[in-house]
Amino acid sequence: MKNALRNKNFLVGIFLTGFILAIALISFVWTPFDTTKLIIADRLKAPNLTYLLGTDHFGRDIFSMVMVGARNSIAVAFFAVGIGILIGVPLGCWAAAKRGFVDELLMRSSDIIFAFPALLSAVMITAIFGPSATNAIIAIGIFNIPVFARVARGAALSIWSREYILAARASGKGAVRITREHILPNITNILVVQGTIQFSLGILAEAGLSYVGLGTQPPDVSWGRMLNEAQTMMSIAPHMAIIPGVAIIVTVLGLNLLGDGLRDLLDPRLQRER
Amino acid sequence: MAYYIVRRLLIVLLTLWVASVIIFAMLQVIPGDPAQLMLGINATDDSIAALRSQLGLDVPLLQRYLNWMSGMMVGDFGYSYTYGAAVGSLIAERVVVSLPLALIALTLSTVIAIPVGIFTASRRGTATDTTAMAITQVGIAIPNFWFAILLVYIFAISFRLVPAGGFPGWDTGLWPALKSLLLPAIALALPQAAILSRVTRSALLDTMAEDYIRTARAKGLTAQHVLWHHALRNALIPVLTILGLQFAFLLAGTIIIENVFYLPGLGRLVFQSIQRLDLMVVQSVVVLLVASVILINFLVDLAYAWADPRLRREG
Amino acid sequence: MASPLLKIKDLSLKVAETKILHDIDLQVERKQIVGIVGESGSGKSLTALSVMQLLPKVCKLGGLIEFDGKDLLNMSEKSMCSLRGNEIGMVFQEPMTALNPVKTIGEQISEGIRWHTNVSRAEAEERARHMLDRVGLPSSKYPLDRYPHELSGGQRQRVVIAIATALNPKLLIADEPTTALDVVLQAQILDLLKELVADNDMALILISHDLGVVADVADDITVMRKGVVEETGPTVQVLKEQKHPYTAQLAKASVHIPAWQNRAQKPAAEPLLQINELNKTYNGRRTGFVSRAPDFTAVNNVSFSIANGRSVGLVGRSGCGKSTLARMILGLSKPTNGAIQFDGKVTTDLDDNAMRASRRHMQVVFQDPYGSFNPRKTVEWLVAEPLFLEDENLTRNQKRERIAGALTEVGLQADAMKKYPHEFSGGQRQRIAIARALITRPKLIVADEPVSALDVSIRAQVLDLLAKLNDDLGIAFLFITHDLSVARAITHEVMVMDEGKIVEQGRTADILDNPQTQAAQMLVDATPDLQQAIERRSANN
């Protein structure tokens, strides 16, 4: 705990992430303005005292939209990471326990998935099944599966080579039990760190998909969606594009710093020295 | 060595084949009938059937896959009805935009990132290092298309230094063409350079902590000499891995970036074709992109073997 | 009298506010061999790295280091570079990682030569070739274009020595140069160092945790503990008189023989473990389209038996197949063919479920007290793990009682069970590992190098514990070790393994005092023996 307070990356990361999470949660109960009401008279206002971050071409308050948009951006990234962990981690652990053919098959399949530029495939998937936030989750989630499978496999393999695994086997424990009791607790740290990285990539991917019109659909709001609408207004209302971009950067930056900080804090090599 | 290369090559072919099956299968599950979609709701059943047979949609699935594959073997990528042109010539037209764009971006990212990585690693802990790393940390967080919009606003709209979008074609001369690729390339390259320079730095620092670095220092070599002659080549492997991944990322990035800049490249072609359900174009372009990723990764594998003698004799 | 080659006076080393070295004094004359001995954490390696000025930046040095009249602590980095490798060479502990994997050994040796002397590439390579010959890697068999991964650990250490001595430095520092090698290689490397030092008029600082290693080689000896020099003096005098209590304690611990009542016990008639013509062959790895490396036979037609309550040593060089054999006995690896009979049951063909009863009576203790516990579980959980093999379901209290009992038996408090493994020292962890092995009341414990990673004083205590367990509980032991002094201390019988085969077996004293085969002879000759070394050295004086 003391170390956590001394780790700058962790502190800044948790602050930024916490801030974004907070505004997303607050938006459920309160926003400065109602984002579903269009006030055409107030359209394209630059930031001012009434509208802290200005308004868009329908006269909606951008500050409120950033708050509401955070919900969608975070939700898409969160569920996409969830898919990756729930499917990828068991696969990776299975491959590490079985080795041989299963392992080879898993590695080669993940090679194949990695050969598809992720965004290209996400574009294909969302285009084929129709653009929606749900399909964006699935499209991003599919590419998280091999990421988590590989990370889990690599970490699990190194745990499998420890002597305490031999001791557990000498105690008659089978692969499933050993994975549950010895492997999983010891690879959680690595998975948490990878999780924050994939989370931030998920935010970026959602933004990209929504920006080209394949993610969150109107009237729902997300940061990528806001950028999509801002592009044509660029020359008259640049704040419409700048603000959601900054929101994305702050979130991704926060998550990356949090990941770096966690990696340092959870590193067993550092723990031993304590 | 020959065994290593041939083994990799076999894996490449297998991966390519599986990828082609996946792409083909994915496009079969598209809801709706492309022929119906192209002709609109007023079309007669007869005309739809005629178009279906023209599109080759009336033969069995396996036959269709084989036709497509055997066509591609001889350079026949099929015919696009929405563009009214052979897919092959469409690709040829577009590839001269996308390929230079990806290459310029990759080169730009590499020539920026590797020196930054080396420089910061050799000055670890100094103010220069801390500042540079803070900048790269932000750089990673910037979505490239947002950066692109910003660049357009600053350099094209405010200062009018470069065109805001579009592509004049190579026949208008080298400079005008390059000028229109400049902003997109920078938008693609800088966020990538941020990642690559961090990877280079941390790979170098990890390597500098190895035992053999101490052995080299005990010979009397200076810290700088050891960094260049011992650490760099060992640190290259993670850097190569990221370079390989970045190529795939750049290709995907072109889809969005080409949309921001209205560039007539492969990314925009595939994006528009998906929306028009022009399967022939989509599957051929996607296979081409996937193949180039696989090829790049094969080259990265060869580079590994060059960088690390331990791999040369193993399988 | 000329000034000494190296003079260290009041050397102190601080990391942040913690002082790690306290007022170290050390002197090395020209052509002299000085041994530095100490257990882990004594600061012996840090002292060596201080001389090289290769410490991490966080270390702050104070005091004086004078080499050949030059003040090293106030020297510029540039002048230090011209000194390192040229006038002071250094050999490190871990030969497997000490060489750059992507450069040939020729490049790595000639690099230092060219750096310091301006000779042409061809000439540097000629000298590198000569150095390889000199360290026992004739260039006809080991050309300059070999990569480190093509060499074994012992060969790599020879290359490191060639690098360190290529320019005939006045001082060579060897930091635990043989600790990672088996005893036979250790003896060879020590001989090589002695020869090089004598032929080239070098001085040598030999750092080791093993008094036996230093006793044979060093003129002077310095004993360190916790960053302090405890004693310094001529080797023979220091070790013979053992005036300083810590030196005496170290010397006693390194030749420790536990009091063991069962030592003279006659073997029981019925065998507990019987091994019949056991084999383990690994397929060679694929190296080309049709070619494979030749198959590797790790265990070759091995037969032996262990009677109830007997302690048997399995000794041999590293890579001789002893650990593979142990894993097959424990049912962790399937033999290629042959049979293992344990407690009247053939275990070779049993599946995991049928194996449970046998496993209950056969437990294991590993070498590494750090790697043998899951760091995220309490000692209670870890010690209880083998109870998984019990058929009846134990209540929580019954379990607790068994765990407390096992911990008490190995000399720990029962309340240790609430703690995590990292809260214990290396020796205590090895006790916990033994408690874990005891909890099912096994008839046999297979111990794979159980004391090799421990400091000598702790090693003595663990050996005492193992002897007591044999006395009190009648547990049979199979000790796997490359260290004959362990075998001598705690086994009735010993088997010598060489290249997958058991080449010699019999009563421990018979084999160790009078080895018949070349493999056994080599092991016996190579094992450092403090008592003999002192006698030999005093006779020469």
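Quick notes on this one:
The first chain written gets the first letter, and so on, giving A, B and C; residue counts start at 1 in each chain.
Assume a residue touches a chain if its C-beta (ideal position, glycine included) is under 8 Å from a C-beta of that chain, and two chains touch if they have at least 3 such contacts.
Here the structure is a predicted model, which means the values were calculated and not measured.
Each chain's centre was taken as the mean of its CA atoms, and the one lying most distant from subunit C is B.
The interface holding more C-beta pairs in contact, when A-B is weighed against B-C, is A-B. Once the centre of each chain is set as its mean CA position, subunit A and subunit C turn out to be 47 Å apart. One simple way to say how far apart two chains are is to compare their mean CA positions; for subunit A and subunit B this gives 22 Å. Distance between subunit B and subunit C, defined via averaged C-alpha coordinates, is recorded as 51 Å.
Interface of subunit C with subunit B (complex): residues 52, 54, 77-78, 81-86, 89-90, 92, 94, 97-103, 108, 111-112, 115-116, 147, 149, 160, 163-164, 285-289. Residues 108, 111-112, 114-120, 123-125, 127-130, 200, 204, 207-208, 211-212, 227, 230-231, 234-235, 238, 241-242, 244-245, 248-253, 256-257 of subunit A are the ones that touch subunit B when the two sit in their complex.
Listing the residues of subunit B that touch subunit A in their complex gives 11, 14-15, 18-19, 22, 26-27, 29-31, 137-138, 140-143, 145-146, 149-150, 152-153, 157, 245, 248-249, 251-253, 255-256, 259-260, 267, 270-271, 274-275, 282, 286, 289-290, 293-294, 297. Every residue of subunit C that touches subunit A in the complex is listed here, in rising order: 327, 330-332, 352, 355-356, 359, 362-364, 366-368, 371-377, 382, 385-386, 388-389, 422, 433, 436.
Touching subunit C in their complex are the following residues of subunit B: 2-3, 6, 210-212, 214-223, 225, 229-230, 233-234, 307-310, 313-315.
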